[in-house]
Amino acid sequence: MKRAYIIDNITEGKNVNTVVFSTDDEIKPGQFIMAWAPGINEIPLSFSYINKIKKITVKIYGEASEYIAHLKRGDYLYYSGPYGKPFTIVPGKKLLIGAGTGIAPLIPLIDDNTYGIISGKTADDIIFERYFNNRLKIVTDDGSYGMNGYVTTALKTLDLNEFDMLYACGPEIMLKTVYDYIKNMDINAQFSLERSMKCGIGLCDSCSINGYQVCTDGPVFSIEQLKNMDEFGRTRLQYSGKRIYF
Amino acid sequence: MKVNTDIGIKLKNPFMLASGILDENGYTMERILNNGASSTVTKSIGMEERRGFDPPVIYHDENYIINAVGLSNPGIDNFEEEIKIALRSGKPVIGSIFGRDAEEFSLLARKMESYSVSAIELNLSCPHVKGYGMEVGSDPDLVSEIVSEVKSKVSIPVFSKLSPNTSDIVEEAKAAEKSDALVLINTIKAMKIDIYARKPVLSNVYGGLSGASIKPVGIRYVYEIKKELNKKIIGVGGIENINDAIEYIMAGASAVQIGSAVYKYGIGIFNKLNNDLNEFFIKNNINDIEDIIGVALK
Amino acid sequence: MKVNTDIGIKLKNPFMLASGILDENGYTMERILNNGASSTVTKSIGMEERRGFDPPVIYHDENYIINAVGLSNPGIDNFEEEIKIALRSGKPVIGSIFGRDAEEFSLLARKMESYSVSAIELNLSCPHVKGYGMEVGSDPDLVSEIVSEVKSKVSIPVFSKLSPNTSDIVEEAKAAEKSDALVLINTIKAMKIDIYARKPVLSNVYGGLSGASIKPVGIRYVYEIKKELNKKIIGVGGIENINDAIEYIMAGASAVQIGSAVYKYGIGIFNKLNNDLNEFFIKNNINDIEDIIGVALK
Amino acid sequence: MKRAYIIDNITEGKNVNTVVFSTDDEIKPGQFIMAWAPGINEIPLSFSYINKIKKITVKIYGEASEYIAHLKRGDYLYYSGPYGKPFTIVPGKKLLIGAGTGIAPLIPLIDDNTYGIISGKTADDIIFERYFNNRLKIVTDDGSYGMNGYVTTALKTLDLNEFDMLYACGPEIMLKTVYDYIKNMDINAQFSLERSMKCGIGLCDSCSINGYQVCTDGPVFSIEQLKNMDEFGRTRLQYSGKRIYF
């Protein structure tokens, strides 16, 4: 287990905090760690900042994310990793598509030729708007902020052929929506998947999709890879190993 | 050159996927079977769906893994679908099961048989879940009752996987003598403490040790049991490369299972082992795997 | 900063030399005691001179050693001279002994006491010599008889070293409960086959596994026994650096023994451990070793 | 365990054979291996030739040395190592002093400024004379070859101050004789010791001398080191661990 001294904790929004620390790990965008909440649980978390200073942006769902989100200066973050295959960075114009905290791992991809879409259920879910210099569409289910609608609502307002690469991160259902929208267009895209993870090192099979492990073969998959994966957006295993449908 | 082997069922090569590693999801099993494994043992399946322990369920180091997955599994009824998917590979699937008593084991075995598995592996040895596995395995009367019961209820071969956490494995193996083959070894009870957090790492505190560190213990059990009982043996524990596999085979194993090494080398390890086995046979003038099974005992 | 510890005898630091490693020759013990070890346990000594097994008595790898020295020893009567030499260091020497029954153990213990050792360590657990060690250790009645007998015959503290080759170490530990401290763990039965020679490497075939590979098993035993019995424990098995030692201490060990690591790091390991312990205490604001003994149990 | 293919076997004399093989090990003069005679024993043996081609010269005493000495082309030598601290090579004039096969590990030290003494019980024990171009004294206990006497007989005929380093190898008693002869002279010397070895890696204590392990701290010790070792030539442990006197 590694540990990192917490330098700062930034409140990003309702139940979303960014934990700041410094480590020697070399992280590439899209990689993640297994963060240990001792005595509670261990959860996968991606990086929202990846220089010598590192940031992790956590949305509180349960006990473990709550524990990590509340780490403050002077505390230690215990973790293993970094794990996973990162995003492939291509030159040219990029579109980042994040649902809620799904935007966090995309932040390290931002350069001066980047455009964004952030979606959320409601205004409270929208974070990291500040990084986009207005080159951004916001869309909420309830229309409380930005456009009213879903991620496709925002996609439809853009000419996707302008982009050399789409990068998407969020719940699998949202990713499937994006995928379905673009699959018959000639568009390059990479998707960072989230499935339940127990081991993070490709042994336990809980995160698998069509025989590939999201923790080691992913979390980033290209649109070509996903075209061969009929589990994508359709079925997955629960924690117990029971197959469920999305 | 003959590398196919017979453990009650016929295998194209001696390399099997061990229970509990990437064998809960049918698609994953299918993929591994399509990539060099001659067969897969499923994750151990019980009567009911079980969530298992909370993470951390695994601690790993360069030379070992300690796991306490806690027999998480979807329950036998939900598992048919996974086996169906795995069987699309055309390769044999072996159903691993765990239960509390002979009745549960037989029921599970019959269901597995009805799902078209080629053999049953009885997990008599999981070291970290109370009331299962190790506790079952260290009671020779119970072991022999379970094996007899299951044997009488199914017509496919039955393997018994034994625990190394015992003072007398020969006695344990004798109790399981009616099995078609013995699977040696399961993990060794172990644990990890994080000295900065000052806490056990695994949520279950104790877990099972696997990987390179346990190979010398596995070799010893295979050799000792082969010598005492001369039964078919499937070797497992710390196999990372062809030399490790050959060592198990020479100790008496007719086939071997690969578990933890998949973490270090990925599923490509199966194709690599097959290639390296061929090369080893050629370089050392071996024509038939039978010629080296148990050769160290001679 | 307090790093001295009490295991029935007082030690200046928690680092002891384990039995069987460079502690048969008085001069060697003296040198190691003059170089940072707070005490040494002697090689296990029996009634008669024993040549032990022929070499190979050791197989080693990066992460482990398998040994079958075979309890070679000069016999208790010839050992007085070695202890005399070792005692010139002014540090405590602990006499390790092995016997067949309570009578032999008491006789050996009394002689050791007369040689001015500070404590007795009962080797109830050597895994590779028939009739001794492990076979003795896996019989709880015999263990408890030996411990009672020895305790009644000597006035110095008595430690019991237990075998990990058992299905129920708690029972074993309870049988040895009258000891002043428990020493955990001895080696795990294991073996190595050379795949080119196609033969077991050790002349005795089976040996005992030690070194880094067994640390997770040792930690588990120390933790489990500390939890069940709350006795003084001396931890041993795979300690190579200060983090390993701290892990044992946090699991419940009041002192630790170093064996196999001496092969990798030389006897300089004792001074290094002392320096690194000081550094660890400073960096982590620890003032007293007592504050971390068994802290992972809390 | 390593293994090496045997290329040749050379008979050097009565019960003395040289086994020739090739390995990638880098050996320095004075280092040794633990040679395995499967099913028999394992014994320490030094190198008498240390280029890519390696040679080991073995005198047959018991079963293990007999097995190794009789390895022939096509057989394999199983061994572990190399082990031990080598001789320190100094510039200038060298004197090599070997008793019987004790001369073997000194052979790799020979250059064009080397002189030798080979001692033996009888003529049959004298090997490797050929390497010395007559810059050599031979001495036998029974006078059957060379001078009649012991190693000191030969030493007395030389002006030892001419030599920048003495290298000696043989039974400890013989080494002690050499040591006693020169200890009060101002002469540099290194001695390769032989004690019973079981493990070869500094664990079993059977080879120890005054707390130092011949297998790891030796087998080569300088005269200065030996001056602090009162066990030298006096006591040692037998295989069982029993202390005996020479």
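Labels for the chains are A, B, C and D, by order of writing; each one numbers its residues from 1.
We adopt the following convention: a contact is a pair of C-beta atoms (placed from the backbone, for glycine too) under 8 Å apart; a residue touches a chain by one contact, two chains touch by 3 or more.
Note that the coordinates shown come from a computational prediction; the quantities given were computed from them, not determined experimentally.
Identification of common neighbours of chain A and chain C yields B.
If each chain is reduced to the centroid of its CA atoms, chain B and chain D end up 51 Å from each other. In terms of their C-alpha centroids, the spacing between chain C and chain D amounts to 36 Å.
Centroids of chain A and chain D (each the mean of its C-alpha atoms) stand 67 Å apart. Averaged C-alpha coordinates give centres for chain B and chain C that are 33 Å from one another. For chain C, the set of residues touching two or more other chains reads 196, 199. Residue positions of chain A touching 2 or more other chains: none. With chains as nodes and touching pairs as edges, the resulting graph is an open line.
A complete list of chain pairs in contact reads A-B, B-C, C-D. Taken in their complex, chain D has these residues touching chain C: 1, 3, 34, 36, 38-43, 76, 78, 80, 197-206, 208-213, 216, 231, 237-243.
Here chain C touches chain D in the complex through residues 21-25, 27-32, 43, 49-52, 54-60, 65, 67, 69, 72-75, 78-79, 81-82, 194, 196-197, 199, 201, 203, 260, 262-263, 266, going by the rule given at the top. Partner chain B is touched in their complex by these residues of chain C: 63-64, 66, 138, 163, 165-168, 188-193, 195-196, 198-200, 205-206, 209, 212-214, 216-217, 219-220, 223-224, 243, 246-247, 250-251, 284, 292, 295-296, 298.
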